[in-house]
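Letters A, B, C, D and E mark the chains as written, and numbering starts fresh at 1 in each.
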Amino acid sequence: MTDPGRIERLRDLLEGQNTLGNSTRFWYGFVLVVAFVFAYPLLTNPFVLKVNTDYFVWMILALSLAVVWGYTGIFNFGQTAFFGIGAYTFGIVGITLIEVTGGTNVAILAAVVVTVVASALLGYFMFYGEIRGLYVAILTLAVALTLNLLLVRTTNTTIGAAEIGGNNGITGIPSLTLGAGPFSTTLGITAQYYLVAVLLVATYLGLRILLNSYYGYVLLAIREDEDRTRMLGYDVRKLKLIAFSLTAGLAGFSGALHAAWGNFIDPTVMGLTAASVPIIWVTVGGRNTLIGPLVAAYALQSISTRLSTVGSGYTNIFLGAVFVLAVLFFPDGLVPAVVNRWQERTGGGRDIDPAGTTEAET
Amino acid sequence: MLELDEVNAGYGRTPVLHDISMEIREGEVVSLIGRNGAGKSTLMKTIIGLLTPTSGDLLFKGESIVDDPAERRARRGIGYVPQDKEIFPRLTVHENLKVGRFVNEANDRSLFEEMYDYFPILDERRNQKAGTMSGGEQQMLAIARALVGAPDLLLLDEPSEGVQPTIIEEISDIVGEINRDMGTTVFFVEQNLDFTINTTERCYVIDTGELVNELPPDELRGSEVVQQHITV
Amino acid sequence: MAGTNRRRSRHRSRRHDGGRNMTARQDDDGAILRTDGLTKRFGGLTAVDDVSFSLPAGEIRCLIGPNGAGKSTFLKLVTGTHHPTEGTVHFDGEDVTDLKPHVRVRRGMSLKFQRISTYRELTVEQNLRVATQRIHDGPEATRRIDELLDTIGLSAHRQAIAGSLSHGDQQWLEIAMAMATDPKLLLLDEPTAGMTIEETRETGELIQDLVEEGMSILVVEHDINLVRQIADRVTVLNQGSVLMEGAVAEVTGNEDVKRVYLGKQAEGTA
Amino acid sequence: AGQVGSGGGGEGPIRIGTLYDNSGPLGFVGKGKDAATEMWLEQQDYELLGREVEWIDYNPGGDNTEYKNLTRKLIQQDDVDMILGALLSSNREALRPIVDENKQLFSYNDWYEGGVCDEFMVINTTLTSQQRPLIDFMVENFGSDYYALVADYNYGRVSNRYARHYAGENGAEPVNEEFIPLETSEFGSTINRIREEDPDWILSLLVGSAQYSFFKQAESSGLDLPYGSLANIAGTYEHVSFDPPVMADTYSCFSYFQEIPTETNREFVEAFQERNPAYTKEEGGYVFLSIADAWNAIRFYWNAVEQAGTVDQEAVLAEYENGLEMDSPKGPVTFNGETHHATQNMWLAKVNDDHSISFLDMDGNETEEPIAENVETSEWFRNQCNLVENSSWDEPQTDYLTPDEGDLS
Amino acid sequence: MAAAEAILRFLVLLLSFFGTLALAGIGLAVIFGIMGIINFAHGEFIMIGAYSTSIAYGAGLPLAGAILVGGLSTGLFGLVVERLLIRHMYDRLIDTLVATWGLSLILIQVVQIQFGGSFGSIPIPFGTFQYGSFSASMYKIALGLTALGLFAATYAVFTRTSYGLQARAAMQNKEMARSLGVDTGRIYMLTFVFGSVLSGIAGGLFAPLTVLTPTMGSGYIVEAFVTVIVGGTNVLVGTFGAALSLGLIQTPASQLFGTLGGRVALLVTTILIIRVLPEGISGVVARD
């Protein structure tokens, strides 16, 4: 097949101290999981595929928060504001242009561009004003809540061809439609599933490369100590701004996918509850990893769907208990805990566990 | 006053101290030397109770204190000045001293003024936030804070670090004084040989987590033991 | 393992310039660093008071003075962490008074803090990589890290979490991080606090080597033996102002300096 | 019913799905609705057309994405014959595209601002346009200057538009319209402003428990004006949860109140409270509008299936469109096939000083009769929406129409 | 006369906005300030205070007594939560945030199951305050004054008592405080209970004004966070200052632009204050 050198070089890009999962065994597992994901449509019904597609979209959102918060230390409590901005932009542009261009490519692009610009403005305001820590959290949350308040009162407002619809949201958002004009195809449930799955895998791998590169180290350094990092000659404010806007763009991208998935978006995605959900994924999964938030997002979303089919009033008691127990017993996140236990049992592979990140502390 | 019996301790699963046994008698001034990472600070933390030994026993005034948490050991009469000073940055100088007195509220002899006499700079800056004091000023504050509690045993982790030479001499004098006047037993870690020689009666040498020797201070300089365990 | 035997490399640090031109542009008077009338007030307290100071390129200068004299504050003014109330800072022939810290660092100054401020949660290697990758990349960076680790004798602790190192080892790591940016001017705030005599002497040698390779160095120290070992000249700060400046012997012989600072240490033991 | 009406083959049980929130801010509404549904099903022994009825009861918890997922699951996995559910309009709008795409019959039955014109939706509840008698009554009896307090979201805003229009037809006008965000519970400045404007009466479109604090705060700052409410009492029983006289002098017009003095209603209330003691007065409960609407909704479906003799959805819908009629706790209700909404009686309730309820006629006299009988949806809506003529199972109309300013005249 | 009325109206409104923000924030401020823990179930602590006040009131206690009961039972509840949960998560800001979020979900649902959608209410006492054509709820004025009193008392506790000094020391450096004989475990427990009592009292004070529902806490939580964080590092002084300045903005804004205007103004002001004072309000008062 390919020469082993190339695989090694690829692994060098993907692996490093900054991400979990650097063993050959990990990659076998990874390939296995991906293979299963791709074979899944053969094994199940459209409903399950459809639901899973949305989980994948949420997982991309989880990744974006993992990078900006877990790795860079910017406690963005308003990541769903960007998710929402992406979704709304996609809805507005999509509805307006679908008749004209026949596709949603422009809408996706617009969603990303608008979120990046919006977040860059906010980021400039924050980071060049030396706002840090919890202040960033409250500020971003305030932005999300303000957007929510304003969107709720957009009854009978139209932008382009789209009715913004107040708290009822925008309905009739087009599904993902690739191509243009007469050559466009609207993706069916299965095609959408595959596309989103590919995007998810690509995002994950892409972020791994990023985190193990030059920038990954700087991001970590910023998380650990901004002033120190500045004294090593890095322009911390600029780097934070970049990290903030790029991950916001990723969140906006996932928002666009979500809007296309449900043909619908409403302001609740910018409310307090929605804003805390990604925080919970990242915390429960393991803040300093990518794989943790991924697993947690998938698990918690599917648990909550499953619970709602029980139809009883005990849903939130159970969900609440899951959160409490998870952080009580796995202080560094579920995934790092499992990995550590696993490594203890088997003695690890090529994995570079940062000398017991988890147990040496305190 | 203090007895250690085969104490083992470490961080997480990393053992640092191996079978440490030693004794400090009432009224003594004892020091501990060893190179970086030998385990000196770890030993201090184990005595005050910030680390729990994996095995072994600690006796203070004849009673076992291994199961006591740090705060109880402090209330039994152990004072501690850590290596990183660890002053409370957002409390004022005076408030820092007040915190140091909770251990011994029963003792009505207030030592505040004495401390202010020892360290006039603290007197001048009573209401400055401790975090904005200079490195050396913080060190003085940390020592004063431990002393206002009138401990029976004082643990000092590198008290001369970052302190100007004249004040090192003063600290050395103060240690002598409290030992003489208040009968305080002192156990300290120090790299500054002059300080050690001037101040102590006995000196333990630690290497790689093991106590390897015990010397009278005047043998320190040029001693072979020191050559072997301190210099590389 | 705690305190395993290790030897700091005697062949240390063949510098890698990363293509950077190391010949410092000097001021008219040949100074790499010059301050004029530098003053910093905190409320009513004048921590640094009208300090005009000049450091010729290639020199090791020690800055001594009583606790609270304003030494650390002076360094922070030089690096831009604090903005002066009055006065200017010239570095490498240019006025840098209004430049941000990171820009000054990029122009070639580097600081080791008095308070240890390694990245406590990251490994030793990650610490060094962050420090050096701005100058060196790829395999070059790894080589530089190896070298630095060798220099400070922490090769065996490459994967250790920095916060779990002993105090002294963290000091070494700090020094290595300051070196890792290949600065023209290295500012060290009490680099040997908490080190044994032997380690202090080694640090001194390291500093001397660095100067031979073209760096200029300003060291704040309380260890007068180290000062004797390395200093070309000494500046004494007292209550924010320069008390005197001169060769080591001159300074240690001065009665004022003895009185406010040195005490019996003036006789010397080295 | 991925394939049209596949559940109607006569094999296996009939499957009915409900999507009423059991948790979240409207959890109490959904629980009441589930209780009504369960009471009916038990009374029928879970049997319809001689077949077993399987009830699939999910809890979307107020989350619109969950509403979507569960609707899909009900249709695609559970293969239900009928779905009843959704509380807020936004819940309904979230799931409506899925219902339409899959041609799934769906009953929406919580009071709302009106406007759904959708082949697959059948609706039996009070619409704002049906509450018109309240506006007429208030203007006639109290005066033409009113102050509108409006919950700031679709229901409030659209309903307010109707109210303003009807008031205008009576020559009345709001002196101010204040849109209030949903979680607001602090009304000091609002009360000040009302006092400045000095209106004859207050139009309440306040929604959600936070906003109900208004009434208490108004009471304690000495504001003493009659309230005409389009959103309180029937659905949220403030006259039970507040001690008198906070709600005294509130006028509310709905198709249902627990106090409706008919035999059918008394029996219904008794039966319901016996099964569910939490809804008795002693427990601070009330058999509120949403419960009665859920009850009517499942009964409408039952009737339609029995008349169709099958659960085939197209056939069942045809029965709805034929104009089902039945007696109910509300009194007689008729299903209007063209609009897919119910035609029903409206009652005007006055909250007395002791918080008891009296029903009034247009002149303000006490009565045992509704204030208006057989009330249709608005004329404007009937002009827009004729699902019999303009829509069919295969070429359905699926709209949600909100009137703009001026549309109503 | 008219001017006097306008001023009075402004002041009374300010007092009630201030009172609401300050009361909503005070319990959170104590717990966050001393323990560095964000209690996301804070709103539900307020809710518990309101419910227990209402129960006590229903059992025949006078309102003041009932509010005290509300405070104490919330304190007791806080004690249980601290022992079972919080104790294991000191120094883990984010984890406590998630755990208390979970706790909040549980509490809302349990109360809903236990007491249903809404709960008996307490009439607003004290009647009406009248001046010229202006009238206001006496109780709201009392509420604002009580908030001032609670702040003064809490401030005194933290600056004048030895518990307060120990608590502040423990907050800044737990290990060192322990080494100096401060029983940090006990201090934390007391602090959490103290904060819970304050939240409970706040809930009790709010109870007559609002409708008691399981989700009522969510109406206070955002305000509480905003107030506390805008306050800055010196939490008590900061929260007080933040409540006052946010109230000062919200009062004219809601007067001029309506309630929504007031809320948007609150959030926007928050954003601006943080931008101008990245260390929060107390950064100006007590620089450190």
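Before moving on, here are some points about what is shown:
In this section, contacts are C-beta pairs under 8 Å (C-beta built on N, C-alpha and C of every residue); 3 or more make two chains touch, one makes a residue touch a chain.
Keep in mind that this is a model prediction, so the values were computed, not measured.
For the pair chain A and chain B, chains touching both partners: C, E. Graph distance from chain C to chain E, where chains that touch are one step apart, equals 2.
Centre to centre, using the average C-alpha position, chain A and chain E are separated by 33 Å. Put simply, the C-alpha centre of chain C and that of chain D have 76 angstrom between them. Mean C-alpha positions place chain D and chain E at a centre distance of 37 Å. Remark: chain B and chain E have CA centroids separated by 43 Å (rounded to whole angstrom).
Each of residues 149, 153, 313, 315-316, 356, 360-361 in chain A touches at least two other chains. Residue positions of chain E touching 2 or more other chains, listed in rising order: 108-109, 112, 218, 260, 263. Residue positions of chain B touching 2 or more other chains: 11, 14, 132. Those residues of chain D that touch chain A in the complex are listed here as 22-23, 27, 31, 56-61, 63-66, 68-70, 72-73, 75-77, 88-90, 93-94, 96-97, 152-154, 157-158, 179, 181-182, 400, 402, 404. Residues of chain E that touch chain D in their complex: 9, 12-13, 16-17, 20, 108-109, 112, 116-124, 126-128, 130, 133-140, 208-211, 213-216, 218-219, 251, 254-255, 258-260, 262-263. Put simply, chain C touches chain B in their complex at residues 1-5, 7-8, 42, 65-69, 71-72, 114-116, 164-169, 172, 190, 193-200, 222, 224, 260-265, 269. Per the touch definition, chain B reaches chain C in the complex via residues 11, 14-16, 33-39, 41-42, 83-84, 121, 132-137, 139-140, 158, 161-167, 169, 191, 193-194, 207-209, 230-232. On the side of chain A, the complex with chain C involves touching residues 17-18, 214, 217-218, 220-221, 224-225, 227-236, 352, 354-357, 360-361.
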